[in-house]
């Protein structure tokens, strides 16, 4: 059945799979001490224009969030997130499980605004009781956000400025980073992000890999004995080649950007299609996730021939649903959808 | 200097201190296995009209909150609290430190309304993604709240009904419980609270003791090996007599209620005093904490002769401050204040 | 270079890789809700002769150990392990990181003897102070052990009997389970293990997969909301197909057993080779890990042409080293070794 | 009934109690911001001859151990302890509950020998696999130990030297420190201990106070935001005066040392008494805890008229029991005992 359910419904991009097959019989050391993993790190640092950063591979987004946050914060420090942020809402409290408070602030269509953060920090540092409070030490954002929206360079810079002013770290969850970078409406490049964030990750699971997120620490930001700490979190693969080989393929010949662009091109077509048919959008997303308002009748009818994600009920008659394109979506898929809606 | 800074500025009530002195040379077993602790438990169960409940003594409020919540919840379960709740704001993330998410909902002058909780739960159980979310398993309230406000019997019953409906536990933080029970505006008795809550505690630190909170578990609600678990939290006193003897004194001849009433009587006088002088109240509190709005000039002037608590800045010219009475406040104290304001 | 360094130096078995390729373009739901994962579970339950067990896939051994132990134990409960057990020694304290004590007992060549465990439990339950002690609630063993040794059916039954007697759970870490099952000296079958353990896992990473361990809970032993809990640990793959497809291939046509047998056959050849050349064995291992004592000169010489694992220094002149065969070791590899040693 | 059950069977020393009574009605700020607490800190620093150290008051030993260890170690660091150490055995895994491994080494009558620790560290740092292991970062000892034994100045210096060599911290649990300092067989003074340890505590609960341990951090060793962290652990008293006033009394006019000496004098009398009657000692203790071997008949007979602590069963006929003297034991108590044994 046709499906726009999510961006992780297909296995790996064919070139990624080819790389796994081609290297399969090579004898390689474990735990990331292999040539492909080393090369993948080199390629990523180059793409980030950040030779002094440090790159590590983890298997998924929640794992990356929990490992990064818990290894960068002390026990009395917390992380600021939009109330709708992935760590705040959809990770079964994985951050709290490591002992840290997620300080939830009100977002603007998924985004954390500098003004909101600044207000919180001014109140915190102006409060004589703050010895009784968790110290806000990190800002967590996702880019694109859970609603497909994007930070502008100015907005990201404003968050970084706050971090510098208050001694905080800026952490960008890039589970869908490629789709943000190739959006037609972004002014942020990968080197910009590498320069503005203390730590971020480049999502592979949703963009061409079977699994894997590449965590990038800016110079000097990598936690002590980080590899040991990933082991302690159960996050280290014995066959580190699995993520190394995949990211090596993704960052060879700009594959990551090319296949991310495919998702954006298909999303634009899908957006135009829904618009041309008079459907209402829940919000304006410049990336691969499109949030559409459907009546109950439309939902029932489309569901018969096409899968999509349920988001929330708006009222008795209408729901918000999500159509996601990905590295693997084809023009034919969008055309098939045009026959259905 | 005259002080209404808080309700823990004086040592113990004289009868509590006398009891400590009187029993000091008795040879008693440790860890709560002594006759005074046992008697204190009996007296409290009687005051609660709840012979089958279980009573344990801890030393302070944050400790009680962390021990109760972490021992009653499984790792994937969270506790709902008002955003202004003590556990949400002023315990340095002690609950998250034990691995549990505090799910913060918007309060109504410090109180968690049944409607707010119900909306949250309906959304949670209506969301197909809730396998990715922390399971709300407990409702935490404080009574009186951080703003001195009180739940009515109807409101508390409504929260309990929600708990029954959704398989949750109701936990009442009674750090200032006596001041709530003796308020002129409450319709809740101690037996009511014991019947409506799965677990609650009776605060001693702020009402006549040097330290100590009496945690009361309703029948069948005490966590397995609870004493061992308090030890694991570093919350067990070798000389358990310290809390046992104090609570024995507090619950002999209704001392706890009598001294709580003193705080309420003094608070009413103080309230009338401020009102009669035309001061503005930040909110209407029926208990021992009164929140007054002062201009910068008033603050400066009163500060010279009397201590009070700073709450928050309202605007450039005005602040909210707190005047707290306690078991130890005298009529003379209020009269002295009348010379100052 | 020829390598017997470990059993995770090659990618996946070719049939496992083929399965990943063949299913790559199928549109599948995430988080394990796909047909291949479901089928893999069915095949594993069948191989275990345990239709009522529950199977879940995790990515690695340390992750499996931490998730299983922390979700099955309460906070005041600990797990008994041999002092040389993987969780005791080589997981950077991953179990303690989740809050649980690993109670270390002296092993017999890597194995935990029933007598040792019983002595500990009798002392624990005979001690009046045990309210101050962690409650031993689980026995952790690995099979094969870190030293390649195996439990007999009688020994495993004795541990299970202790569990039944003391209300404990038996957990078997089977990171190398296939190599144990196909050993020429074992009397334990997979159904035996499924029947005797409350929970165990079937290792994939070291036996034919790129990653993945299949956790098998006996009837009724699966922790509440287990999937959510794996998410909380950062242990859930968005593309659950990655482990599902691999285990489906491994448990089709007995592939898992067949390739495990290959490792054993090669290990026997290697063992005979070393014995015939007069090398001394550190211990007698009936599985794929062989521990040989080498002089410094031998080490230096062999290292030039062949990789192996360093274990420990015995004295100034001699070291213990490990030669591991795997699903991928060939007769040609052993022959090549015969030219070197 | 006559009791030598433990050193916490009596309330506070009379001068400590007097101080609590005398200061009871003083208006004092909370959380340790009061003049008595500040003075107590000053007095302790002076007694330690360590003006640049930092002193904090906690309520009990397990709490002090958990707070100190968890705030001084990073998540991947562990603490070395004798297998018989209090944190290893009798605190319900309170250290592991905070996420840290207790690395248990074999003791010599309760004491951790430098040689044992050095062997462990050499093996750890000589192991190529140590990235998979918890990093030993602290040495925990108790002085006196759980068996009443004492470290000599040479032994303590040897442990400190190891710490300096390997970048570790030396932590001395002084729950019974006074009894160690006043032993007739010690060559260690309080200033020695303050100089040799990175952190230690001076026990109050077992020596004259109702509760309280004074944690002393050497210059520069206090963890960041330590007060907030004690709050996060539920270890901060609102009425900090409770511990401040008690320690102020204990360190005025050498009361702490004088009453500790009383316990030692009585212990020597008790020791002589048992020896003169031909009883066998389990070990030779120079402090207030004496471990005697009793036959079943002796146990039964003495139990009728005197309480003592049960330690362990030696064989069918004999047990080890503990007689503890304290600050409150009188010459009359020992004389009464002489009528019984």
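Letters are used for the chains, namely A, B, C and D, taken in the order the chains are written, and counting of residues starts over at 1 for each.
Here, a residue touches a chain if its C-beta (ideal position, glycine included) is under 8 Å from a C-beta of that chain, and two chains touch if they have at least 3 such contacts.
Predicted model only: the values in this text are computed from it and were never measured.
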item: Angle (degrees, nearest 5) of the CA superposition of chain C onto chain D; value: 180
item: Longest centre-to-centre distance from chain A, chain (CA-based); value: D
item: Equivalent interface positions on chain A and chain B, same or different at half; value: same
item: Chain centre separation (chain A, chain B; CA means) in Å; value: 42
item: Separation of mean Cα positions, chain C and chain B [Å, integer]; value: 50
item: For chain C, residues that touch 2 or more chains besides their own; value: 75-76, 91-93, 97, 99, 131-132, 228-229, 231-232
item: Residues of chain C that touch chain B when the two form their complex; value: 70-71, 74-76, 99, 131-132, 135, 224-225, 227-229, 231-232
item: Sites on chain D touched by chain C in the complex; value: 75-76, 78, 89-93, 96-102, 104, 126-129, 131-134, 310, 312-313
item: Chain B to chain D touching residues, read off their complex; value: 1, 3, 5-6, 8-12, 14, 17, 20-21, 23-30, 59-67, 91-94, 97, 205-206, 210-211, 228-229, 231-239, 241-242, 328
